[in-house]
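Following are the structures in question.
In the two complexes that follow, chain A is the common piece, with chain B as its partner first and chain C second.
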Partner chain A sequence: MWRRLRTHPQRNEIFLSFIIAALSVYLGLATREFFSLENLLDVLLSYSFLGIMSAGMLVVLISGGIDISFTAIATVAQYTMSLIIINYGGNLLLAFLIAGAVGIFLGSVNGFLIHYLKVPAIIITIATLNVFYGLLIAVTKGRWIYAFPTWFYRVPSLFSFTTADGTEYAVTLPIVLLVAVFVSTAFLLRRTAVGRMLYALGGNQEAAVRMGYNILRLRLFVYCFMGLLAGVASVVQAEIVQTVAPNSIVGRELEVLAAVVLGGASITGGTGTLPGTVLGVSLVAMMHNGLTLMGVSSYWHQVFVGAVIVISVSVTAWSQRAGRGRHRVEIEV
Partner chain B sequence: MTDGGARFDLRNLLGGGSDIRTLAMLLVVLMGAFAVLLPGEFLRAATFQAMAFQLPELGLLALAMAVTMLTGGINLSIIATANMCGIVTAAILTRTVPGDVAVGAAGAGYILLAMTAGLVTSLLLGLLNGFIVAYLGVSPILATLGTMTLIDGIAVVLTKGRVISGFPRAVLAIGNGDVLGFPVPMVIFLTTALAVGVLLNRTPWGVSVYMIGSNQTATEFSGVRVRSVLMRVYMLSGILCGLASLVMISRFNSAKSGYAASYLLVTVLASVLGGVDPGGGFGRVPGLILALSILQVVSSGLNLLGVSSHLTVALWGGIIIFITSLNLLRSSRRLSKRSA
Partner chain C sequence: MDECILEMRHISKNFGGVQALKDVQFSLKRGEIHCLVGENGSGKSTLIKIISGVISPEPGAHIAIQGHHVAHLTPGESIARGIQVIYQDLSLFPNLTVAENIGGTRHLREGLLVNWRKVRSVATEAMTKIGVRLDPDRLVRDLSIADRQIVAICRALAFDAKLVIMDEPTASLTRTEVNALLEVVQDLQRKEITTLFVSHRLDEVIEIAQRVTILRDGEKVGVFPVDELDNQKLALLMTGKKISYARIAGPSDTGDVLLEVKGLSKESNYRDISFTLHRGEVLGIIGLLGSGRTELALSLFGMNPPDWGQVLLEGKPLSLRSNRDAIVSGIAYVPEDRIGQGLVMPQPVTDNVVVTVMKRLCGRLGLLDLQKRRDTATEWVQGLGIKIPSYEAPVQTLSGGNQQRVVLAKWMATEPRVLILDSPTVGIDVAAKSGIYDLIRKLASSGIGIILISDEVPEVLHNSHRVLIMRKGRIVETLDASQTTEKELSRKIHVA
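Showing the complex of A and B:
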């Protein structure tokens, strides 16, 4: 079974599922709150913002690119959206449209620059991160925004219930959006021609060019998609915390990257699945949540997350290397 | 700087990436612009001395980033490593020597001990990165993303997120003193840069570093022990972070996790601006120094003009995009000329 598992295409997902299942059993036994519906909804809500952006990051990584600037894009989208709805009014749909449009626009800037300058995406997006964010803070002077219209404070929810002790819980819009983004990204990657082209582009760019794919259009799509999701996530985040601060999103770009990579996406492109990313984000969320529930000081959380990342990427690389080594011997014999 | 007189060639100084003349020209244009915009204020010894105090922090960190980029890698853990090393040094210092006093021979011994401990810490963290990258075969961006999170986490646990401050005067002199008018941080930076330049361009190890960056498989088959070379690259990167931390903590008179976090991505930009090919194999120290000078002139000039420091950061990003598009234009023109 282990031998088959090692060569199974969804090996990473299966491995992650085992770890998450083991962790759930342990946390379920160690703490009473872990398996409660309230806790589940809390975790989903607080990770909805990270989860939405991780779906965008996955698509970028699959195409063989990387985006570091999406946190700056989200912040710019958040400020633009807040300033417009506060000064001119509007509704939630408009808020998402504005933030999404800003995200798509800034994403297209990334896409064009990466395509035409022929410089690695990581360099371009580090540069645009600084440009977008620097300009935003220079223009807004880094002011915090609190004064949202009243309709913005009422988070719409699908259904709600009241627990025995009178607290109300609800499946709110952020959670619905998170699920919607996950489902549509999975559909995009698995069931559409564009999705399959992205795997081809990330797997072998030269081959994709010779297949006659329009690389510019694909790249634009990828970075605009990331921008769009950054915009959507930024409204979700503003909706949850009810404030817009210049430093609440920027600086978390590598956290998102880590979660997606934990989920099995390759940094060199061509591989990665949405279920894997969901598992990667879940693992990070569960670790934070579990440590909190077990009363471990929050100082320790990062140590655990860091150790899990180091061990996970090391084991993956080591097993791949060992696999290659065995393969080589078989060919020689 | 590292080339002998006979083979001295300006274009050679930079290798593949950007052109040293473009950078030198940009530096001159920028200085000229600021001299006009700030008459009598920019071209002053005080301005240049201030710049010489500010540049080395970013400079040493950029060197730490650049050496890994030469092999086609990256080191995202440089800031975490520097802060960890600073915290170790600061913890030993504040426990052994009372702050802000002149110290005797015993005190000097403790200061030396504290700094050695800090540098050893940075070397060990570099060793950890090197082991994961070279021997476990993890891609550098992932390996150092993990160690960054881990090291930063440990630093937070050790300090509970608090600041450790209050160092003896002798330590503060490292960050704030000067030798014959030359700021000590600048002396440390230039000496280190020279040493790194010699290591890279005058030793067999340095040649292997560039070869690995160009084609790792070919290098392996040519008999170079790639793993051991890579290991040393990350150890060197670690030590450079350690040196940066000594300058940093003595300038701030304190150590804390999370200091200089915004420098992480800027060091990548500085390296690329200085001609380091992000794919590896090309890039030299003089180009990097020139790039750092450009960033510093922009930052100091705009600061004197009263422009927000955030706009400076935006401009840094803009300069990278500008320079890369210039390089692209030039190379495409060269190509079309050749085919004509």
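Showing the complex of A and C:
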């Protein structure tokens, strides 16, 4: 069984599912609230923002790149969107369009710089993180924004219902968007030519060039996609917290990166699946949630999450190595 | 059969003042198997790049593919006209499945969505064409090098290739795998598909080729039918110099026993290995890839601890739990993959040479003594006759032969008593090879015991005093090199 699991293409997903199942059982027994519908919807809502960006991060990693600047992109997109809808009015669709456009534009800056400067993406995006974020702070002096139009305060829900004890539950727009982003990213990666070319590019860039793939176009697509999702996520986050604080998003980039890597994406490119990323994000979300429910101080959350990532990633790496078997000679007896 | 699939005339190419090709004429007949040979730097790669449209020749060139004159050849044009190049690195996508590598990578021409059923059917069709069967759902990274090569050939077929160019296809294959490859190529020939092998040596592919084109210093030496050539003649034509394959001088097992290996075994690696190595002796170990030769070498160097058995150095038992033990005891190992394991490419020659002896170069306070560092490097660079532009030049700017010498120098700096060389001449040209051989002899005569591991029969036979044949993890025979011919040795290795 273990041997078969080791060579199974989805071994990482299977392994994560086991951990999640075990953790669920434990948290279900340890706390009363964990398995409640209210808690599930709460967790989904509060992780919709990071979840949407993790889909973008997955696509970037698969192509062999990395993006650290997306939190700055989200912040700039959010701020721009807020200023426009506050001063000129509009509606929610317009809010998403503005933030998405800003995201795509800043993403394309990353794409062009990485392609033409031929400097590792991690360096470029650390630099652009500072440039984007620094410019925003310099121009806005770090002012918070509270005064949203009233329509912005009403978070649309797809459907809602009231339980016997009178509590109202709602599946709100952020949750719907999260699911939509996951489904369309999965489709992009699995079923479209662009998606498969991204896997190819991440697996062997030199070979992709020889195949005649347009590397610039693929790179632009990847970083613009990341930018777009950062923009979308930023509106979702503004909806949830109802304020815009320029320093509330930047600093969370490693949390997203860790969840995606935990979900089986390789930092060296070419591997990773959307179901894996969903599991990775879920695991991180569940741990935070479980620790909160058990009343553990939030300072300890990071320690636990970090430890689980180290263990999980090294178990996967170890089982892959064992599965491949470096030196084996068939000995004549 | 005599119809030309490719006709090239007046092909010249300058790279910033260096003339890579001088008025070369080259042609291929439909369905033939042709070899293009030349040393490194002879212009082979440039010619291939022109055929594949990656670079364009100087004005005045004439290129015709299947009788049609092509004014300006681009990579896309070249592929569309049925030319497929299989590079030495194979250019596969290791993270994707066999099916996707063969049938999926051309989908950029085939619309927005991927039709997985079609990808599979294209892959199966290509594999059936040459009678191979690989699991289409396996990841390419889990395949052997030989199977990866099959995948690369199938991909070329899926692109509807009329001419398949293979760059050094046999460099990392065992004889059995080479035979399988040759069968596939002969099968292509029956389907009127032309194959061009590119090589820097006269290797196995010559057995099934019809003609050989030889390049030297950017000029065509000539086209020869295969049966007019042998190793000696080819070497002469390629280098313009007579290369002697003199054998190493006389039996040298008269020296004291330096290293003694007794009943060394390791699960899934090798079993019951016993031999002795004398001072000043070159002991050849030959065997196919997967015979356990490299695993044994790594064990002697402490990087692959054995399960049972004993290793004695000058009569004293050695503990070989790590390579640090081995280095301290005076054992040095030059790996086959010199770029991956042997050198720090962007670093200067000096630092690459002294990296093994850093500790010894440190003065008081544990700081590096720069004068000593320079002296040590100078000693070995001069001692081994390494040609370098300067001591601070990055190693990657040196030629393959000189890089290999830098690896040797770095291990010689540890003043080893036993030197293990794993395939020391892989990927370097004929002239550089003979330089390495001279060095091996010189080092042996200075009293070092050398273990020479290789799968090239002439290399082992001409440079060793004794030869051990390894097969399936065991030593099956020990031969006196001076009493054995190349044919005999070759037969003994490949016996099934």
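What we mean here is this: the second predicted complex is superposed on the first by the 318 of 333 C-alpha atoms of A that agree within 3 Å, B and C clash if a C-alpha of one lies under 4 Å from a C-alpha of the other, contacts with A are read in each partner's own complex, and residues count from 1 in each chain.
Basically, a contact is a pair of C-beta atoms (placed from the backbone, for glycine too) under 8 Å apart; a residue touches a chain by one contact, two chains touch by 3 or more.
Computed from a prediction, not measured in an experiment: that's the story for all the values here.
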item	value
Contacts of A:23 with chain B and chain C, given as first, second, both or neither	neither
Which of chain B and chain C A:196 touches, first, second, both or neither	second
Touched partner set for A:293, first chain B, second chain C, both or neither	neither
Which of chain B and chain C A:307 touches, first, second, both or neither	first
First, second, both or neither for A:130, with chain B first and chain C second	first
Chain A residues touched by each partner, larger count belonging to chain B or chain C	B
First, second, both or neither for A:257, with chain B first and chain C second	first
Chain C-facing residues of chain A, complex	7, 9, 190-197, 199-200, 202-204, 206-208, 210-213, 270-271, 324, 327-332
Residues on chain C engaged by chain A in the complex (per definition of touch)	75-76, 79, 85, 87, 89, 91-96, 100, 104-108, 110-114, 137, 139, 142, 268-271, 290-292, 294-295, 298, 304, 471-474
Contact set on chain A toward chain B in their complex	68, 113, 116-120, 122-124, 126-135, 137-138, 141-142, 251, 254, 257-258, 261, 267-268, 299-307, 309-310, 312-314, 316-318, 320-321
Interfacial residue positions of chain B with respect to chain A in the complex	74, 76, 132, 136-139, 141-143, 145-154, 156-157, 160-161, 261, 265-266, 268-269, 272, 278-279, 307-308, 310-318, 320-321, 324-325, 328
